[in-house]
Amino acid sequence: MKKNILLVEIGTNKKTYFYLENFKDRNFISTNKGNILLKDIHEVEWGGIVETHKGFKYRVSPVSIVDFVLYGIERETQIIYPKDAGYILIKLNLKSGDKVFECGTGSGALTMFMANCVKEKGVVFTYEKRERFLKIAERNLKKMDLIDYVRLNLKDLENEDIEEKEFDAAFLDTREPWKLIGKVEEILKSGKNLGILVPTVNQVVNILKELENRNFYDISVKEIFLRDYKTVYERLRPEDRMVAHTGYLIFATKGS
Amino acid sequence: MKKNILLVEIGTNKKTYFYLENFKDRNFISTNKGNILLKDIHEVEWGGIVETHKGFKYRVSPVSIVDFVLYGIERETQIIYPKDAGYILIKLNLKSGDKVFECGTGSGALTMFMANCVKEKGVVFTYEKRERFLKIAERNLKKMDLIDYVRLNLKDLENEDIEEKEFDAAFLDTREPWKLIGKVEEILKSGKNLGILVPTVNQVVNILKELENRNFYDISVKEIFLRDYKTVYERLRPEDRMVAHTGYLIFATKGS
Amino acid sequence: MKKNILLVEIGTNKKTYFYLENFKDRNFISTNKGNILLKDIHEVEWGGIVETHKGFKYRVSPVSIVDFVLYGIERETQIIYPKDAGYILIKLNLKSGDKVFECGTGSGALTMFMANCVKEKGVVFTYEKRERFLKIAERNLKKMDLIDYVRLNLKDLENEDIEEKEFDAAFLDTREPWKLIGKVEEILKSGKNLGILVPTVNQVVNILKELENRNFYDISVKEIFLRDYKTVYERLRPEDRMVAHTGYLIFATKGS
Amino acid sequence: MKKNILLVEIGTNKKTYFYLENFKDRNFISTNKGNILLKDIHEVEWGGIVETHKGFKYRVSPVSIVDFVLYGIERETQIIYPKDAGYILIKLNLKSGDKVFECGTGSGALTMFMANCVKEKGVVFTYEKRERFLKIAERNLKKMDLIDYVRLNLKDLENEDIEEKEFDAAFLDTREPWKLIGKVEEILKSGKNLGILVPTVNQVVNILKELENRNFYDISVKEIFLRDYKTVYERLRPEDRMVAHTGYLIFATKGS
């Protein structure tokens, strides 16, 4: 039984996410171009074609974490974009079995990407001070079957302590991350990496100032841009508009 | 015993890679600012500081795959840059246990990143027609302890067949990848993703043309840019120059 | 008497263009936040503040060509963006007195920028095969008082000849500009520059192919990106989205 | 008689600038691929081909301001790049006859671009506190025959006054431009534009803070990127590396 699907409209390539658990009592789902029988969706192979009662055709596609974050995630916060997430994962050098620290959880987009990297044996300890966001993140992680590799913690780390330690990697996505760098210094293993995402240059300045006073080295600040192309081969050209800014990425390695 | 290290010079942040297995018969390694005792390197914790006989100081840093690819890899080919690799990993939706197809191996940079994602139980089957490159890739994978998750195949897939099948993901980094798309179509599971990297727009056109005749959907073409900043907080500014182009990334999902 | 104005809303920085000749019979203009007396607008100095009858405040700003193109131009075609126009002007090395060739006119955006460069003594000969567009360009040029430095020609240059010659610069903005390069070769002075704008890579390939067979040298292909920042100094950061593509710029110099 | 030439090597497209006034007593100039007779250079038309005594061929190309700035300018300072200059010219809305203020002169690169815009009747008043740079700028302006449209002033405007007023445009390229904004406010006509270039975000923050306290409106901060392509049509692709940062451009309009 399929649990998450992405319907990819043939012709337009428009994508719509469905969490099929929500439709257990029904025998069809509705698109804005007609209804599709759930029986058809469950019977077709991944990547197969189904039809609405009006005759419009869709591919039934599995939902990667990138797809979920872009089309399916429930959220009330800004999320971390795939273009940034991919780079974060490799800069933090995550691998199966790692123990990862994250604050704040937000909607859990990066939590998902990190949990997928460290499973089966690893775990992401994520901290969030706003209970509503933690509930949202929990629902998102459950939908994507990643909740088993995550410990959700309702805590305000600016005022409370991190009880865990010996982390293999750390990530901060809070408004004033410089206030948490001292605590991260204590719980991150030597030689392991901290990543931070902030939207403004003023925040970057504050972070660099704080890192200079802490035991971190190999500090870097980066921006990542993603440019999409229209895919008609006779008229290959970039899309007209793009995301110009999500945030600045700061990385540093814990010294000993 | 440390096996791979990155010496990060304090002050300049310049990085030098050493494969310590090459220095088993000696008791020091040489930097261009003096010699460092291997005893000191092995005794210090990761992220700790060692000194040359001339008094210059270095952090002894562990070597992530990003570090290895940028500073340590042996290569005779263009390599896939970390900025692209991070995005490829998440677009191919790799996870522990996956069975991945790659052609060509080149120096094995992307092979490493993918092997790190699919281990412990997964495996990357990588194909390369030039034996010299395969030997280089093998040495690189061994240095980073990733060889156990890779099957190296000396084969010209334009003229020979892929004997494996049911792959969870596929990646092509060859001069004329459109010639291999038909074969990839046969060995990739439905609903799973193909990624391709090519440097020229003419190649992108050929790939899009071929994909249109094959059973692939959700086709996208992307470019990723990475911009580095100087990290002096009183004078925060981007670096003067950047990599403007590594290649175009094409992604598509196998239909059924 | 002011002829063109840009109302810049205080607080939001939103801009609205008014061509005051259209309001000769009235004594006020209407914004979506109330009416402003024309008397007030004509009496205030440039950059001065006027108020709507509801109390909203606006700066009365003069209209540069950039402003006109972004906020005031009448158009049915894609226009050339200021980011591209600025670079075109200096690559074509335009100066007062030059005689410039342009095809097609479109809405006249680039025509304006070029006319402004070559006036008082210079002139832009611009060719357009669609009469409706030429009328629009004419109205635009008149509004900005640049019509005196422009000769508008209704002609399909793929089938008709250019009767003028000895041009100091040439620009092509048509669908198949490679078909006109031969004609431009004849009417452009030796050592002078041709510029071309096209949206797709396929067009760039065709142009490069044609230029190789013609007497042009120092061929270059360029893209220009403009990134805007939000201007709150406590939270300085780039705008979230940007124009990712307008077109590729090709430049070449006529040989002898 | 040619005064400035750019030799463009056929095949490589490499460019070398020569100021021919320096070779009045000789009958040849030397390239690194052999000597070329001055007689040949003067006799050939612009864009024509000359040959070294070793048989290498070059186009004799006229020198645009862009060419001069990139290949010919004498300089000890960072210069303003053409990509930025083109945009500055149109944002400052320069036209023939304008009276322009500039501080500091540096090597005179932007001074040239602006002088070319405002001639024949306009003039650029440029201020520089370091005499050595002013001499360099003077030599550069003379070589390009633009000195007649420029008044060079040796003055430290942080401590001395601007004696001129009623400027049509102003540009600041100094280390601490926020210290001069108050003075510019006094000498710039209402409704006219100020441009500023600075390399760091910290400087942008200081400028925005100062502008907020001054009578300026429509404040914007921008970055411009230029990406070059290799021009082989069978293998069209961007150049491998690019300039990632020259500076941030700030623009504001003087209120009344």
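A few points about this structure:
Order of writing sets the labels: A, B, C and D. Residues in every chain begin at 1.
FYI, a contact is a pair of C-beta atoms (placed from the backbone, for glycine too) under 8 Å apart; a residue touches a chain by one contact, two chains touch by 3 or more.
Treat the numbers as computed from the prediction; the structure is a model and nothing was measured.
Contact tally for B-D versus A-D: the pair with more C-beta pairs in contact is B-D. Put simply, the chain farthest from chain B by mean CA position is C. A straight line joining the Cα centres of chain A and chain D is 45 Å long. Chain C and chain D have CA centres that are 22 Å apart.
Residue positions of chain C with contacts to 2 or more other chains are 201-202, 204-205, 227-228, 236, 238. Against chain B, the residues of chain D that register as touching in their complex are 199-202, 227-228, 234-245. By the touch criterion given at the top, residues 201-202, 204-205 of chain D touch chain A in their complex. By the touch criterion given at the top, residues 8, 10, 13, 15, 44-49, 59, 61-62, 64-66, 82-83, 85-91, 93, 95-96, 113, 116-117, 119-120, 189-193, 201, 204-205, 208-209, 212, 217-229, 231-233, 236, 238, 248, 253-256 of chain C touch chain D in their complex.
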